[in-house]
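What follows is a set of structures to go through.
In the two complexes that follow, chain A is the common piece, with chain B as its partner first and chain C second.
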Partner chain A sequence: MSTAPRRLFEEVSPAHPPDPGPPAIALVRLEDTLRQPAAPTPPAAATVRPRFAERAADALREHGPCVFMGACSLFGVLLFWHLATTYRWDFYIRFNNIPTPLDVLDKVMQVNANGKFITNVGMSLRRIFLGFAVATVAGVAMGLAIGRYRITRGLLFPALEAMRPIPAIAWVPISIMLWPDNEVSIVFITFIGAFFPILLNTVSGVQAVDGVLLRAGQCLGAKESQLMWHVVLPGAAPQIFTGLAVGMGVAWVSLIAAEMISGQFGIGYFTWEAYSLISYPEIVLGMITIGLLGLACSGLIRFAGRALMPWLSFAARSGAAR
Partner chain B sequence: MKHIVLQACAALCLAATATAFAAKQELVIGIGTQNTTTNTVTGGVVLKELHLIEKYLPHTGKYKDITFKLDWQNFTSGPPITNGMMAKKLHIGMMGDYPLLVNGATGQAQQGNETQLVAVIAYNAFGSGNGIVVHKDSPYYQLSDLKGKTVSVPFGSAAHGMVLQALQARGLSPDTFFNLVSQSPEVGTTNLQEKKIDAHADFVPFADLLPYRGFARKIFDGVETKVPTFHGVVVRKDFATEYPEVVVAYIKALIEADAWVRANPVQAATKVEEWTKIEKEVAYLYLGPGGIHTLDPSIKPRWLDTIKTGHEVLSKMNRVKGLDINAWVNETYVRQAFKELKLDYDAQKQTLANYDVSGTDPLCRMPIARPKEAGEVWIEGAGITAYASPACTLAAVNKAQAENKKVRVAYLVDRALGIKLFADKAFYALDTRDPKKPQIVPFLLKKDAEAHAATIGGRLATYTDALAAAAGL
Partner chain C sequence: MSAVPEVPAAPEVRRGHVEIRDVSVRFGKKGQATEAVSRVSLEVKPGDFVSVIGPSGCGKSTLLNIVAGFMKPSDGAAWLDGQAIGSPGADRGVVFQQYSLFPWMTVRKNVEFGLKMQGHGQNARESAARTLLGLAGLLQFENHYPDQLSGGMKQRVGIVRALATSPQVLLMDEPFGALDSQTRTVMQEILTNMWQQLQLSVLFITHDIEEAIFLSEKVYVMTARPGRIKAEIPIPLPRPRTPEMMSSPTFHALVRQLKSLIREESLAAMGGELGASGLQGLDGHIGSAGIKALT
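Moving on, here comes the complex of A and B:
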């Protein structure tokens, strides 16, 4: 952001050679600078193909190491698990009774023999997304209000802060009684998980918005609603997306507590039921499934963040290079 | 100066730890209990609170230099105890028949983690204790009414086994008859209270506790399956092999706890409420004279048949690994305990006798000859009095109410199923053609009361009607 004004002056000077006419300062109309990026000639059709290949190579260079490192990290955990359980390591931490990766793989084959496991996964995804969607809307809206207005902050924030540390599992009985439908009770608990990180990050994002930008907007005659939409929301967006990623994680964390209510379906329920029948490979399978689904969901959010905030990808890229 | 103090401290600490190590070795015994599962209390919370195990623990021979530390851990169901035993955190655990067989099979599947069934805590020879309850306002009165409904049960529990067996005996499939889902007692109870499920099947004491708390009605009792149910004690095999005297000491303490309950059941029930928060009226229903459960440590062959049946049921659902029952059951410790207490184990193993309601009826002035027709009334502040018949019992309730005394609870025995029940939750068959000699017959199930009313030419009645009928006495 801070580079913009400087560019404004640099680009101005050659366009308006000093002449005895109007004074140089008056000079730059906003439209001129905005038009500037459009100035380079649009790429010719012929150049598109090589540029695509180039871009692919770029992408590989850029993301290759990341993907490689990610694979290494996951593989490392798997290898450790395999060695620890196969050789039954026992040094204070004990791996004697932990199922091996192969046991769990066997279970994967077994449970996928029919569609029940996929149904479980599907049910859980639906619950997570519903809870998360409501949490996003409520968290961002309340976060904006709390971050921007002192009265809402004073009235709402203390109550919400008191509710934040309550663990999901403690909500189970109350949730059953609050909602007429069990499916809603379950979604409510995933909502509770996702809501607070989103809220807190939104609040802190709003408070971190540069006052200069707000004043500039006000000076240009922006109404409060416009200010919210064009300045505060984009300004807080990076933090909001951090909140969304964390919130998504916590929503998955609260899944087992949520699905204890259901009594059927859901990957959290699957894991819980495996515990009540003491089937360790199934428990681990449930844990891994939750982990991977959580990873995928957070990835989805980061992807959405990058698509919605193109200005950030520049910073991210320069960070990745380091 | 500072130096000297520090040095002195260090020396003291060193000396203290050195002597501790040299003189005594600490043996931690992890015991997994289920305080809220009322019929396991004599294996758990009673031993803990009355310090009975300490009384029998050995202190001679190889135990000369060992101090014992009892690590009591309480859970609301069996599976977490099995988990703790597999993790070597618990050495002794207690649970119902289905969790027990899962415990045995899980242990045998992991070499070095084997467990053994060493004693039984309490049983009902026909399966009572587990039951299905519905909301008190719901229109369901028996198992067949639940067709197509949603029923929850803690999977892997004795109650789960009861439901599966009840359906199997009727040729029904658990997949198609109703929608069976898994809910822990805590979750199932809340759901039932909020009418979000049609019925909840559960183990001791929930099937009676929920009706007692006033929002549920029991519509199926495990006794209808005729398959015995029991709670037993499992120990880690490596622990029992290394310290057999400790296991024997535990069983001796268990036998003393049983005697303590039987010697003064009212006081025991009151204490159990204090320790476990399960109402004493419910505890007495289970462990009092003629109660639903019989306290008896002997391992009877019939209980092992239950385990076999249960294992088949779970195997069919592919929910359990193989179990070698002969390798799992080990009677040597309980035999040894009986021997050391100079009791006859083989005689105990043969009998199914419980202690019964007895004495003389103060109202109808006759001896209580048939305990299965007797009743008891618990008056606030005055304790429990036994009566010879349902009519005399209800007359006593009337009398107490007339005298403005608070009746805590009245117990009767179901004529058809033979189980003790709460008088105010029962259905009655009434014949009041002779008001001086009314026939009042209590039943748990509406259908049984209706059937009996038809045979005696009487009518179906509620508790209020029955009280009114007893008014002429």
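Moving on, here comes the complex of A and C:
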């Protein structure tokens, strides 16, 4: 039978003798108030300009000190570098042969004159994305299976744990022998670097999923595969993304090392070749490029995480001291 | 998808019949097993509101977990409409003590979850969830995430979510235990109003005596571990129930009766020596005057 469309949860009766204060209905309203205030209504067309200026001022007040401190910090490093190399400081640490910031800036113009530098960057990015993509798929899939089922945990985890302490770089010789060509072996090294952080974080994320959520899913009729996809995976997602961020960092470390040892092309190869050819500004250019690429990649992961997990911005978080 | 039943516009009310027969639960290895629940039988008739109260650790939540299908009894069985209960399923809606909304889903997606698992399409799910949320006065929060809601609202969404699949019985495991006392009182009124409208079969677990009396048609009192049914007390308070009834003589008499039953068990649960020597003296001091003052 279906009920008449009356209210399911009727407002509680206003008469409430033990409580002479506001009627109980007010209690409902009170506890209904949100922690997050509703977004302000969009400004009318006429008021857009002052509102924009206001918002800009607010943004400046809020983010200004942060941006200023960041600029100071970066400028400090540049200044020290400039002074140390221009005046060739030599006090146990020797800055005699280190190129100045302006030398490096010159080099940026030079290398962009032909396509070699861009090709190197493109090669490295391709290796990173291939290795990282395979590591993400394999790490998350195996992490889900290991975290959730005792049998896969028993069968797979000991072997993986035995291989985990071997650094990705130590795989280089074997990798060259294992794979038919150099390119695949470098991608393999990158994969090894990214795989273990992603795997371990997925496993611990799966094991940390609140049991009451699993039971709630079950008693709402979810079958095991549905539970895996709709409850376990999103429940573990925040920690999976931590694993992805760490994995991306290790992937870059492994990639650069592999390119330096066995590479043709790639930004790591570019940097090492510059050292062999005594082209010092190119070394620093290579280093800075690697840094920027790494920053961009982890930024991409943070961005994806925020886009895929919008609920996290409402979750209670422990904050750092201001 | 003709095999998929249509989602009703308003919640369809189904009133299942729950029976627990001679259920015992033992933990640990054979030989040195401890008995948590001993030969418990109870019944929720179709459209009945039944509470189980008892001291902590008496196994009342264990009983609910058996009916929900989360665990199996060592002896005996639980039945829903004559069918033995095996595993969890959408025919038994559960409201948990802890907040159990999926934090990554909006309020509406949470309510839709059970229908989605049954294979209903997006449009049918959405309109069913919106209808239910509208009836519960929660429609304006349909796109909020659970972390944006207060505790009382989370539990209301939890109840709506459990009702969305039209379960045969609603199982509630101390659902208001984590709420502050004011919100708790309001939630009790909301729940009792809802029950008076829908007349669902409800199995309600609590340790709060007033809550059990105010909400229920029948209260089972359990003993300390190993949990047995000590008493089965019908609640003769008329419907609709109002908060004023909490100060009526009948209500007070029921509270007194249940309190003394529970008190014996709580003392037993705290251990023999303490109950015998330490608290008997205290008993003399407070006595019946103390209990009167409390109620």
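Simple rule for what comes next: the second predicted complex is superposed on the first by the 215 of 322 C-alpha atoms of A that agree within 3 Å, B and C clash if a C-alpha of one lies under 4 Å from a C-alpha of the other, contacts with A are read in each partner's own complex, and residues count from 1 in each chain.
Throughout what follows, contacts are C-beta pairs under 8 Å (C-beta built on N, C-alpha and C of every residue); 3 or more make two chains touch, one makes a residue touch a chain.
What you see is a predicted model; the values in this text were computed from it and never measured.
Enquirer: Should A:215 be classified as contacting the first partner (chain B), the second (chain C), both, or neither?
Expert: Only chain C is touched by A:215; chain B is not.
Enquirer: Taking the superposition as given, does A:173 touch the first partner, chain B, the second, chain C, both, or neither?
Expert: So A:173 only meets chain B here.
Enquirer: Looking at the overlay, what does A:111 touch: chain B (first), chain C (second), both, or neither?
Expert: In the superposed model, A:111 contacts neither chain B nor chain C.
Enquirer: First (chain B), second (chain C), both or neither: which does A:145 touch?
Expert: neither
Enquirer: Any idea whether chain B or chain C touches more of chain A?
Expert: C
Enquirer: Go through the superposed model and pick first if A:278 touches only chain B, second if only chain C, both, or neither.
Expert: In the superposition, A:278 touches chain B alone.
Enquirer: Between chain B (first) and chain C (second), which does A:182 come into contact with in this model arrangement: first, second, both, or neither?
Expert: A:182: touches chain B, not chain C.
Enquirer: Quick check for you: in the superposed arrangement, does A:232 touch first (chain B), second (chain C), both or neither?
Expert: In the superposition, A:232 contacts neither chain B nor chain C.
Enquirer: Applying the touch criterion given at the start, work out whether A:257 contacts chain B, chain C, both or neither, answering first, second, both or neither.
Expert: After superposition on chain A, A:257 lies in contact with neither partner.
Enquirer: Residues of chain A touching chain C in their complex?
Expert: 1-13, 15-18, 24, 27-28, 31-36, 210, 212-213, 215-223, 226, 230-231, 234-235, 237, 309-311, 314-316
Enquirer: In their shared complex, at which residues does chain C touch chain A?
Expert: 8-13, 68-70, 87-90, 92-94, 96, 98, 100-105, 113-114, 116-118, 131-132, 135-137, 141, 144-153, 156, 160-162, 165, 182-183, 185-186, 189-190, 193-194, 197-198, 242-244, 246-247
Enquirer: Of all residues in chain A, which touch chain B in the complex?
Expert: 94, 96-97, 172-173, 176-177, 180-182, 260-264, 269, 272-273, 275-279
Enquirer: For a test of understanding, state which residues of chain B touch chain A in their complex under the given definition.
Expert: 77, 79-80, 82-83, 86-88, 102-103, 106, 110, 112-113, 152, 154-157, 179, 181-184, 186-188, 190-191, 193-194, 196-197, 319-320
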